[in-house]
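The next block holds one structure in the form of structure tokens; read it before the comments.
By letter and in written order, the chains are A, B, C and D; residue numbering begins at 1 in each of them.
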Amino acid sequence: MTAQAQLRKGATYQLQRGYRLMMVPALLAVAIFAIVPLAGMFALSFSDYHLIRGTNWEFGFHNFAKMLADKRLMNSIYVMAALSVLGVAAQVLIGSAVAVGLQKITGRWRVGRILFLLPYAVPHVAVALIWLSLFTPTLSPINAFFDVFGITVPAMLTSQWGAIFAIVVADTWTNFPFAMLIIMAALQGISPDLEEAAAIDGASRIRTFIHITLPLLAPALLMVTLFRFIDSLKHFPMIFVMTKGGPGRSTQATNFYAYVQTFQSSNVAYGAAIAVMLFLMAALISFYVAKLNQRVTS
Amino acid sequence: MIDNSRQFHNRRRFGLAMMITLLVFAALPTVWVLVLSFRAPVAIFEPIWESPTALTLQNFYKITRSDFPAALLNSFITAGLSTTFAMLVGVPAGFALAKARLSGKFIASWVLLLLRMAPPVGFVIPLFLLYANSGLIDTYLGLVFAYMTLTLPLVTWSMWNSFAQVPDELIEAAIMDDASLAKAFFLIALPAARPGAVAAAILAFLVAWNDFFYALIITRSGTTTAPVAVMNFISYDSVDWASIAVASIALTLPILPLMALANRYIVQSLSGAVKG
Amino acid sequence: MRHIELKGVQKDFDKTTVIPPLDLEIAKGEFVVFVGPSGCGKSTLLRLIAGLEDVTKGILEIDGVDATDTAPGKRGLAMVFQSYALYPHLTVAQNIAFPMRMAKIPRDEQQRRITNAAAALNLTDYLDRRPKQLSGGQRQRVAIGRAIVREPSAFLFDEPLSNLDAALRVGMRLEISELHKRLKTTMIYVTHDQVEAMTLADKIVVLNAGAIEQVGSPLELYDTPCNLFVAKFIGSPMMNIIVGQHAAVFHAASVGVRPEHLTISKSSGTWTGVAGLSEHLGSDTYIRVDVEGIDETMTVRAQGKFNVNRGETVYISPEVENLHRFNEAGLRVVS
Amino acid sequence: MKHLLSTALAASIALSTPFATTSVHAADEINVLMFGMPFTNGLRDLADDFEAETGIKANIDVVGQDVFESRIALSFTGGTGDIDVVHTPVIQVQRWIQAGWLQPLTDQVSEETTSDILAGPLGAYTVDGEQWALPFFAGVGLMSYRKDLLEAAGAEVPETWEDMLSVAEKITTKDQAAIAMRAAPGQGFNMFIFPMVMRAYGGTFFTDYEGGDFTPSINSPENLEALNVYVKLINDYGPAGAGNFNFAEVNAAAQNGQIAFAVEGTGIISQIVDPANSRFADVTGIALPPGGPAGRSPAIGVHGMGIPASATNSDAAAQFIEWAVSAETVSKIALAQSFPDFTTASVADNPEVVAKYASIHPDFLSTRVAALDLAIGHYRPLIPEWPTLGQAIGESVNAAINGLISPEEALEQAEADMRDILGQ
């Protein structure tokens, strides 16, 4: 609606004003609860706020300059990328497999889907603790089970890739149901006629899946991938509980590194600068997601 | 023909084997936690088959006497309140965003997504300093406000999608029938978007219930939430695995009926968003 | 008596003018049909009257009172939407009751009107169902029922039959027509189907690119289209348009002649042509003819059964008194 | 730009100062923040006693160590005043004092109280002539060993880390590991244990700590030798997964009979030798941790209680601290919990307490005293930067254990990190 029409205060003017009024509380809430701390984060990132060293309230780009030369930061980005890519890939794959599998299950066995949904209901701290216990060789029933056959399961949390694997497993366990839900929803939207038509046309099941089902699932898969990817940039409880960033620094993902800088090294300004970098990354990805979503909302 | 059917059976068998493997993956930690929660502390480091009778209810009893139940209550209060507030504010906003004629809708959706995805580690310090100066540390209100940064964008964004699926003509019909905007919203749009609203409320509750980070920083003994309280079983010289197992169960149980109930709604509301 | 009047009404979306200034009068009790090709602005015009869109410039009067800025619900109009816009979570009875709830009409009065409307619309057995459980035709009737009970001063229909199949469409058309005869309420009806327009309207408004091409009774439009656009739009099969040499004979840039105003003969006539496809409808036969010197294939109606082979030479003659002559601007030349 | 930013920051910090509340709680109420260990758990159970005695309500919040760390940093800097009494691990106290986060309690505690506290731990909290906290806990490094396994291998209790290597080799089989020690990265984890090896070989963190020369010396040949021993013991003679063990895993491994030796703090050792906890308790002995060319240097960890600078109720807080370290309170806790690490001297005169710990293991209290005598106060450097330094060194050491980098690289990296942190 044009500004002209609003000036006119015509028949729909009241209506549009009503809509705007409905947005006011949310706008206020966003401004207070999100924009203010966000502004604080940006301001801190340019400051020299340090809990121990003292603060002169000098502002500049020094934190960002420091980031460029920070090997630990580079390492953290590498770790974050590994955790995100592996985790998201596993979640999408397992989520799809279960969704496709569950589609074939009918009748009273459908109740069984709750078993696959269950991990999604477990809070992340509990997930991390549960998997920590499963990866603790002295405690884990997995180790005990294989011990019976004389097989020693290697300790996961003592090597870089083992620890990354452990976190990815825990993350996948709790988040694949999210992928599963979305893909199940998308599968419901695909008319069975299409697959039947393909079958009549003599296409093999694999070909049918690749040429018919997969393209129709593509938007859902993309959505899941992007959502999970962004969330995985925020990895915290799993690392905090399971590895504390170790062994060495091999699971210090960027978000966790920002936490370490802020709370352990007391370098709040630098931690904020890293958070700003993460924020900008999230901004980039969410821009793309918003573009994708535009079709739905407009 | 014979070949075909054998192939078919092999494929079925492979599919079944894969589903069973995945089921084990999905269910093993759950079963393990149940076992752990009933294990007598002395036997906790022994495989279950070595002392299958060393089971006890003591772990459950013990936890009722710790601070954990109070933390669970705090979790309920804060997750419930922040969900309620987010719904009160976010649902009308989602409706307006879906139906109003606005320029800059794209920016709005971007901002909402971004807020939902921004790293809390950057938010929490300014928020803390703000709270420290306004006495909001260790208050329900402070935690609820912090959770609004998570739940409000979530609710607004998903309700926007849900209301976008309600045909404009329904609202126009109501307006033609001389309904006010408020009545069109409450009597027509909201009931039509009910699955989306239920799903949004549940997801918001989950997000708040799940939070560890904000609660870690801005709660004290008065309002500690359960995810933080569970960490208290890791003390200076021991890890109380049995209590952790019981606490994990206690943390999950309240979510289960919600998930079972809402499973349908979530799929329904997601499917719209995905089909678009 | 004037009921709804548009004076210089203009509508812009952003910077595009979709309806240039337009004047229109609708009399009380009239059945007016807005017709035109898709995108001609007929729905926008209806929504302007309903109040669902703001008028950019100009005045809209209802019963002689300026209603330009009146809220949609206060204009005393009822609208039936293309998609029916039934409230999915309410039963048929609740759907029909909704406008009365809004108007705070007493319960027993609501009940009485619902019963009456349901009886009139054959919905009595379905009052407790939800829209999902109804057929397309039934949903259409519920939408009409919801409009009727308000006892509006005018009904607005936005392509109400376009979602129905052909057979149902004819039935519903008759029902709407009878409804109008019974209620004698003003009705404004939007369609792109000129057959619907011809059968239902007291007055047809032909729209093109947001502008009114012609306003008149169905027969006026049929008999004296004021320009080429209307001439081509109204009537089925379409009017034959002849340009060039053959038109010049009649002192016009183009000449239009309807298929039924052509006679066909195998022996002699004004124009010579070659027969193409024939459509046998029993009562009539439509024959496609390629006439020498005329680019477009012409359609000719012959009464009863007329057998002609493809490629056979035929002669056709126009009824000169029923010729429509148009000048270079496409406007009707009055003789 | 600068102006804009400072304005934004000021706004975000001070936006709601007008609504600031001066006091978070009532005057006859104090908030105590501690992290979970036997003493603090015991103390929490006695909160009602304190209220009965003084009429002051103490909200004793005992949290996990991770939770504790995250909370205090911001509480102190935010000056929220929501903590009246805080747990003060000695290794962190220097940093807190330098940052101005604590208030001295020199004038608030009586001579009578301080005179009953062991001089060493008490001195650890004396900086610039002020008393910043009172200790309640002094844990020292001890070693537990399995007599039966030693006998079977025909070996003696190792006196030095060299001995330990050879004994461990004799004991280790496919099903039996020799030793477990904390290896998880952290200044309170592997950096509680590793300096015992380091100092035995003559290694130091700084060129001359006592002389005030804080040039890092972590990359010394002595330290490399020590690190090689430490890594070898864990990797070659430790159970599966030993490379990331923390105290809990060490404790579990010992109680399960997976290992012959545990070198740990008193808290864990007391559990390992306690028949109520461990099936192998009756065949387990206690000794001082191994030494080396430079002698023996048992680990020492001191915990105390102090008052944050922003505390709103410091009188009541001081009263609480005095009550908490009093012989009466500590005796009660020593009896109720597994808590032999008390620093209140006269508790050792309490026959019930002595009887209790003698029944767990006859050598326990005496070995602890011997170790306390050997321990040096600055086992881990008492400087403000230590927590950060310890974290960084701990990460490098852990990386070496797990083969991510070689011991040489680990120490080089640690030295570079130290210089970086110290701004050298």
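In this section, contacts are C-beta pairs under 8 Å (C-beta built on N, C-alpha and C of every residue); 3 or more make two chains touch, one makes a residue touch a chain.
It should be emphasised that the depicted structure is a prediction, and the values quoted were computed from it without experimental measurement.
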Between B-D and A-C, more contacting C-beta pairs sit at B-D
Farthest CA centroid from subunit A: chain C
CA centroids of subunit A and subunit D: separation to the nearest Å works out as 36
Per the C-alpha means, the centres of subunit A and subunit C lie apart by a whole-Å value of 55
Rounded to the nearest Å, the gap separating the Cα centres of subunit C and subunit D is 89
Where subunit A touches two or more other chains at once, the residues are 1, 14-15, 36-37, 39-40, 43-44, 138-139, 240
Among subunit B residues, those touching two or more other chains are 45, 125-126, 129-130, 175, 228, 231
Where in subunit C do residues touch at least two different other chains? 52, 71-72
So which chains end up touching which? A-B, A-C, A-D, B-C, B-D
Subunit B contacts subunit C in the complex at 167, 169-170, 172-179, 183, 187-188, 191-192, 194
The subunit B residues in contact with subunit D across the complex are 42, 45-46, 125-126, 128-135, 137-138, 216-217, 220-222, 224, 228, 231-239
Enumerate the contact residues on subunit C facing subunit A in the complex. 12-15, 51-56, 68-72
Touching residues on subunit B, where the partner in the complex is subunit A: 11, 15, 18-19, 22-23, 25-30, 32-33, 35-36, 44-45, 47-48, 88-90, 92-93, 95-102, 105-106, 109-111, 113-127, 129-130, 145-146, 148-149, 152-153, 156, 160-161, 164, 175, 180-182, 185, 206, 209-210, 212-213, 226-228, 230-231, 241, 244-245, 247-248, 251-252, 255-256, 258-260, 263, 266-268, 270-276
Per the contact definition, I'd like the list of subunit A residues that touch subunit B in the complex. 1, 14-16, 18-20, 22-23, 25-27, 29-30, 32-34, 36-41, 43-45, 94, 97-98, 101, 104, 112-127, 129-131, 133-134, 138-139, 141, 144-145, 147-148, 173, 181-182, 184-186, 188-189, 205, 219-220, 223, 230-231, 233-234, 236-237, 240-241, 255, 258-259, 262, 268, 271-272, 275-276, 278-279, 282-283, 285-287, 289-291, 293-298
